[in-house]
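Here come two complexes built around subunit A, the first alongside subunit B, the second alongside subunit C.
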Partner chain A sequence: MPPAETSQATHDTEPKTSAQPSASQGQPTNGSTATHPSTPGPSSVQAAATPPANEEKLSNAELKKRAKAEKQAKRAQKKADEGVPPTQTGPSNPLRSAQQQQRQRAPPTPREASIPLPSLATTRQQGRQTQSQTRPLPHRLAHSTPQSQQETQVVENKNVALFEHLYKQPRRTTIAGVSKDVYRDVLAEGKSRLKHYAEPADNIQMIESYVTPPGTSLPRNLTLLLSPQIEYLGSCRSLSMSTRNAIRWLKLLINDVDIETAEEKAKSDLCEAIDNFIREKIIIADQLIASMASSKIKDGDTILTYAKSKVVTKTLLQAHAQGTKFKVIVIDSRPLFEGKELVQELAAAGLDVQYSLTHAISHLMQSASKVFLGAHAMLSNGRLYSRIGTAVVAMNASKLAKPVIVCCESIKFTDQLALDSIVTNEIVPPNELLLPEREGQERKQALASWRELPNLQLLDLMYDVTPADYIDMVITEYGSLPPSSVISIYRLSLST
Partner chain B sequence: MASSAESPHEAGKQSFDIVSTYRSLLLSDPELTMPVAAIEALVSLLQNSPSLSTISEILDLLASNAEKLKQSIANPISLSAGTDLFQRYIINSLQRGGPAGAAGDFDAIRAHLLTNGRLFVARAKEARRMIAQTARQFIKVGSTVLTNGGSRVVSAVLQAAAEAQIKETGAPRFRVVYAVSASYKNSYGDGGDTAEGTATVTALRRLAVPVAMISEAAVAYSMGQIDVVLVGAEGVVENGGIISRMGTYQMAVLAKASGKPMYVVAESHKFVRVFPLGQQDIGVDQNVLNFTTKVEEVIETGLLTPKANFASRRIAGESITPDLDGSGYFGKDALHDSKNADFVDYTPPGYISALISENGVLTPSAVSEELIKIWY
Partner chain C sequence: MSFAPNLSSFLGSLKESPTNVELSLQTLVDLFKRRQIRGSRQCAIATAHLLKQVIRRFKARDTVSLIKRVQDVGQKLTDAQPKELAISNIIRRILGVIRDEADGDKEGDAFQNYSSSEPGTPRKKGSMSPPQGQQNGVPVIADLEALHRPPLLTSHTSYMASTNGPIVTSMFSLLSQPLSDTSTPGSQSPAQQLYSSFNPTLRPQELSAEVIDGIDEIIDELDNMDDQIASYAIDHIHSNEIILTHGTSLTVQRFLLRAASKRRFTVIHAEGYPNQHHETHATITGKHKASSDGDPDQSDVQRFAKPLIEAGITVVLIPDAAVFALMSRVNKVILGTHAVLANGGLIASAGVKSIALAAREHRTPVVVVTGVYKLCPTFVFDFDSFIEYGEPGCVLGCAEDSDLIGKVDVENPLHDYVEGELVDLFITNLGGHAPFSLSSVITEQYRSEDTDLAVGN
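Moving on, here comes the complex of A and B:
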């Protein structure tokens, strides 16, 4: 996204007040599951009490804009949660951590702020209801009530407005409140997913644990049994494309089980099918891709890659093992530094590696001869959905007419499409952008108290979308193809 | 290209020489293209190998002979399109099952394969006529067409267009600009008859189509007066780009820069599962840039001497006689024009407005889908 747009959007939604740091992160604000002016100072109460007038002050255009944004967010969310009932609460939550702490106590409520919730009429919810009904986007309120500005202690919305919908994505931090139906293996998998932001390509393997423990349940019950597992996984982090494809496949498979089949046989059949699926779609696919892609590496090449992708790692190591003489440039970025792992692996294997961060990309690209990229998903319009920063690398490569090759298993192909990185994405708690505090350091890190700094929002996204124009070739287990053929391979892989 | 060279089957080798069959096929019919000739050679190979008794033997034999064919010529891209397609076709028809499939008895399978193979060749030959009928509509009355090389499909298209316009209006109402490789003059000095595409030019002029012959260096100069660029291809690669006569790429770049549409006419048996990332990745070792400090080289070999490069490569590598007459390349035409016939370049799909095959008009991105249809 162009920076100009960001700054504009940010500016647009900026409250005029200088926010007080009163409700900084983690403060257990007396029962307000939801949003925000969590410090119940008298002035904020006043503010909450005067809303209808404020509501009217919003211009039509503003209202429209807001409605549109909400709708869009809802749609994206719905899509993202396919089959997962919304576990998430309330409208814009400015304080993520506070919200996360509260989430386990919060019963699931509809996302739609304007729907009254008569059945959940505890005092807590009531408070929230009034808030959400009257002040759906609190910073607007601040904006439109200049008379109360001086005394109001409004908490600034620290979410970037353009990405507001993404903050609603569930992100579970503890296992408290998890349905008792969720199996232990799944729990563990979910927990590890919390720790590792790098999505493992083979997280389909968790499905194995869905099936093996079901004990006495009939095949028909299995589907029912599956949903809490999937829901739980989805609540840890939004599900990746490959996971979703695998789940869809598994559900179809279970539906196809003949009800007459003996339970033991049905179970062993299912497990076998799952094993085969994992072998075919991930293990063998990876090997095939690595061998095809490594044949594209020639003597004297300089391969540039970004962050770390399993298949790309495999490809580079295989090409090296085959005796091809080539150099590797690894471009990395904060805050994940996945490339460091890759560099270690490659260097240990004896490859000639150069490591740098994205700022050096336009310089380093000149000495590269090919660019290999991994994928989180290949979208049906041929675009690549991958670790944020990939698009910049691909753009630089295509500006210099360097071939850009994406290595991607067909299980990551999807019929979804995206035109930008805004609608579908994942937000990382922005604190991760901050540099860690060093021992014995006198001064605090510059942004350590960013929540107290007025007019400042941090944004840390997980993915971006690379236009198909920047991609020359996609290597899958079916062979190499142009990005325009992603959709036909997707159909093909559905049918097999 | 999946075929392996070290196939164990050597039985058919003594009795049947695939390479000479292929060459004599090409020589006997000037209308025959390399992939079709290769397929025909493979069909007659099957016919002449009665000792085969299992399917895997058939496949091995096909693979080893296809590889031998590929080795025998300098640039096997076009040929491999034919052999790969045929091998795939055989596998598919074996997988189909039934009396002629894997379940049937072996003689039936062989007979089935032979008839299918013939059908295949017949269809491939028919393709050119169908392309001409489709592509001639792209040549509008009053337009000027730029072309190059010695493509027989292009020739068929231009003649079909001329004939159609004669039928409708009494005379052909388009002009042709024929870009001829400058290097043939270096090699022959006298130009004239030896130029590649001379046959096409003559045929067109007989039909009263005005034809201008220009050197490749004059393409950019002439581009302003051109309405449409029409070229053939040796192979259509997976992303919809083409591998074609050296000079096509620069023509495409110039056409794009001037906003002129460029159409490629090629039979679908030229679609090949090759995916070059650039000029150096075509899969043929052309050694175009031949750096030297020897002064006499200029006089001895001229500017473009692929023959020398190829010959050295081939002689070094294999025992097969160097194909010095170039007949392995473009059939009979190439016999007269061996000096510059061998170089090819790769035109990326972004420069191509449309590909016209017997299956209709395709965008470059549709090529990969066609290939996926064939292969899966």
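Moving on, here comes the complex of A and C:
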């Protein structure tokens, strides 16, 4: 910090308040105050030091700094009173430091060096008065900038630069601040989505409890009402493709309701349609897919699957129930370990299950005969958007020429396209990557304090995009098809 | 055993009781069998030190019996841990040293072909082992050696000569020998060397001194290997690159660290769950166990590695499943390996195969950094025989899943076989090699007689 407060203040404020002028502009002013004491140098200082913004409250740290600076000023003044030659030690130093602070590298001119002592002293006194009268803006300005710089240095950005765009998707962790229009059922749904990475197709039961306010038409009001619910769901976690599809369908449906229809009738019609939709697009579709896919499993097969998909689970259980003799290899990954649930279910059903993690994939793929994968979405360029790691499994399978079969309801088909897993994805809070602390473990995990370590970043993605070349077949409720037909099925499912 | 069993304790025991070779051999065999010394580097160092002891204590008169002895010991060591290919590589190297000494000495004492004592290593100044300082155990032999051997200047041997020297066929020595001889006064003519018959009767001390000297250089090479490899780092890493790596290879860490002194880049580090993640995390964060509890790898890392993040390199830790998703943004994949087979294939830690495949799919170059001692001259066709299996408990992880135990078959391979075609560049302490030129590097390393250690005797 500069040793003298007021002189610094003068030299500081002038450039600062006049929006950082060049050194040449600041120095003549000094010179003028010095050479013409009659010119109201101090007053100009005062004027410069009292812009409207200087009435802000001071923080403790700033107060302390001010006290310190005042002390230094007193000391400097004492020195000046004692008659210490001012040219070198007294005034030039603060000057220079002030200059340095502003990064004005102009060499001190001879005029500057020979600033007469008295005027400086008066400046100081004046400055102090100024300070006591008005809140010292110079200080705030002089100190706050480096301080804020320091702060930004301390708080390192822990976001991976490549995925900066994805961190913007906020994840709601509490229900605080939720619009009061959001229904309770929807709230509960949102919470469950936070906890589990379940994939709720649609939960729009709120329509049942919906009563159209008098005086407005049902379609318009309902659509308005729907949007906060959807927004809330989206704020919990970004909406899945299937949810988006369902919402789009519902909005269309609501818009189609005739205004003339009686409210009760319209409501019951809507609810029925929703029930039908759920039954048709999810429950029946799952059953259809499971029966189609299970017929692909033959005696002696070894089916490899990754993580956990509901349809694949159903398929495997159904094939087992039909009496097919086959083995299952479940590949799993950190940090979700969804495969463990699948193993539980399959083992409970009496299937022969082998379990390992992604590291063993290339090894275990050799003994597999078919690969079944679930989907989060099928993109219209035939790529599979699914749990992170699916691409690794599919790649290993296709390298060994093992058939890769994706089980996917048509509601998960979308017209979206993606070439890589970076533009569209979801970031898992990186703390989930930390290893669980075990009881009685004396040593802390190396990663426990990763946020304090500079340059270290943790990245955990939710999904990846599997190229269409790795996929041999997609089984939907409309039948089995190659991945290139996704877009046509999408159009088909829109029309029905 | 009274000592905590690991590499450093074994080396200590070698120093303490240099006379009881059989005990040391048995100890090392046990350590290998119990996997208390594991990892290519540890195994290589232990083997080299043990063989040095064996040769020092060997009383036989001729090279034939010395070779036989080394082969016998080598057989025991490789039998103890056939999956650590570095053991047999070091034995081959040492056998090569003995054979070279025999070949060189048959010409008499006038000229000693120094360059052959350390096959295949480019000699740089200062890389030669300090002759007396290291051999604490036997100052007598060291003195003898000093008497018999004229002091040699490192500049005498050109790179060509030293790499070509160990190519063992007489045709090659015909070509290479004059090169090194030109700078050496009083050399033998190649023809004379060619026609001179194999002379197995040598003064044993003299022979063992030469061989021990050669082994010391191998040990020295093992110590300096990472530095040599790292010196090529600047040639291969450019600014702002995104580099993907995997696991805990110290060689890779040092390679990257050297590049970090000149360049700014980003490292994406796959953690290698479930077998390596603890070590990976420790390597990345620089937080190692306060006390090395018997794990030699751990203490090794602790001794040498400064984490990359301290060098100002951004390190992004990812789970292994994310390698494919990120590969499209990766500029280069830099991997360590456990061993390199003669066909260029790698025995690397599990998960590397997926990385290499994903890199190939994205046309991302894959660079493998490895010491030459990991290059094996053997052609293998049953790759699975080299794959080691780890504890299944690591896979299941938390105790809360104990209900799965018994219901499910868990597999935990520690290694992957990675086809050589997936690798774009090998960097060894000799420099960079294209995968197809790897076989010539291997031929230069070992004498063809020793390629098949097991059947050889």
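Throughout what follows, the second predicted complex is superposed on the first by the 322 of 496 C-alpha atoms of A that agree within 3 Å, B and C clash if a C-alpha of one lies under 4 Å from a C-alpha of the other, contacts with A are read in each partner's own complex, and residues count from 1 in each chain.
By definition in this document, a residue touches a chain if its C-beta (ideal position, glycine included) is under 8 Å from a C-beta of that chain, and two chains touch if they have at least 3 such contacts.
Nothing here was measured: the structure is a model prediction, and the numbers come from that model.
Participant: For A:H359, select first, second, both or neither according to whether it touches subunit B, subunit C, the two together, or no partner.
Facilitator: Touch partner of A:H359: subunit C, not subunit B.
Participant: Let me test your reading of the model: by the given contact rule, A:N425 touches which partner, first (subunit B), second (subunit C), both or neither?
Facilitator: After superposing on A, A:N425 lies in contact with subunit C but is clear of subunit B.
Participant: Quick check for you: in the superposed arrangement, does A:Y478 touch first (subunit B), second (subunit C), both or neither?
Facilitator: Touch partner of A:Y478: subunit B, not subunit C.
Participant: Which partner, subunit B or subunit C, is in contact with more residues of subunit A?
Facilitator: Counting residues of subunit A touched by each partner, the higher count goes to C.
Participant: Should A:K370 be classified as contacting the first partner (subunit B), the second (subunit C), both, or neither?
Facilitator: first
Participant: Once the structures are superposed on A, label A:Q344 by its partner contacts, choosing first (subunit B), second (subunit C), both or neither.
Facilitator: In the superposed model, A:Q344 contacts subunit C only, not subunit B.
Participant: Can A:S333 be said to touch subunit B (first), subunit C (second), both, or neither?
Facilitator: second
Participant: Taking the superposition as given, does A:D464 touch the first partner, subunit B, the second, subunit C, both, or neither?
Facilitator: Once the two structures are laid over each other on A, A:D464 reaches subunit C alone.
Participant: Could you list, by residue number, the parts of subunit A that touch subunit B in their complex?
Facilitator: Where subunit A meets subunit B, its residues are 296, 298, 370, 403, 405, 472-473, 478-482, 484-485, 488-489, 492.
Participant: Using the touch definition from the top, list the residues of subunit B that touch subunit A in their complex.
Facilitator: 238-240, 273, 275, 277-278, 280-281, 349, 365, 368-369, 372, 375-376
Participant: Spell out the part of subunit A that touches subunit C in their complex, as residue ranges.
Facilitator: 160-162, 333-335, 337, 340, 343-344, 347, 352-364, 388-389, 391-392, 395-396, 399, 420-422, 425, 433, 435-436, 438, 443, 445-447, 450, 453-461, 463-465, 467
Participant: Touching residues of subunit C toward subunit A in the complex: what are they?
Facilitator: 266, 268, 271-275, 277-278, 281-282, 284-285, 287, 289-290, 308-310, 312-326, 328-329, 349-351, 353-354, 357-358, 361, 387, 395-399, 401, 403-404, 407-413, 416
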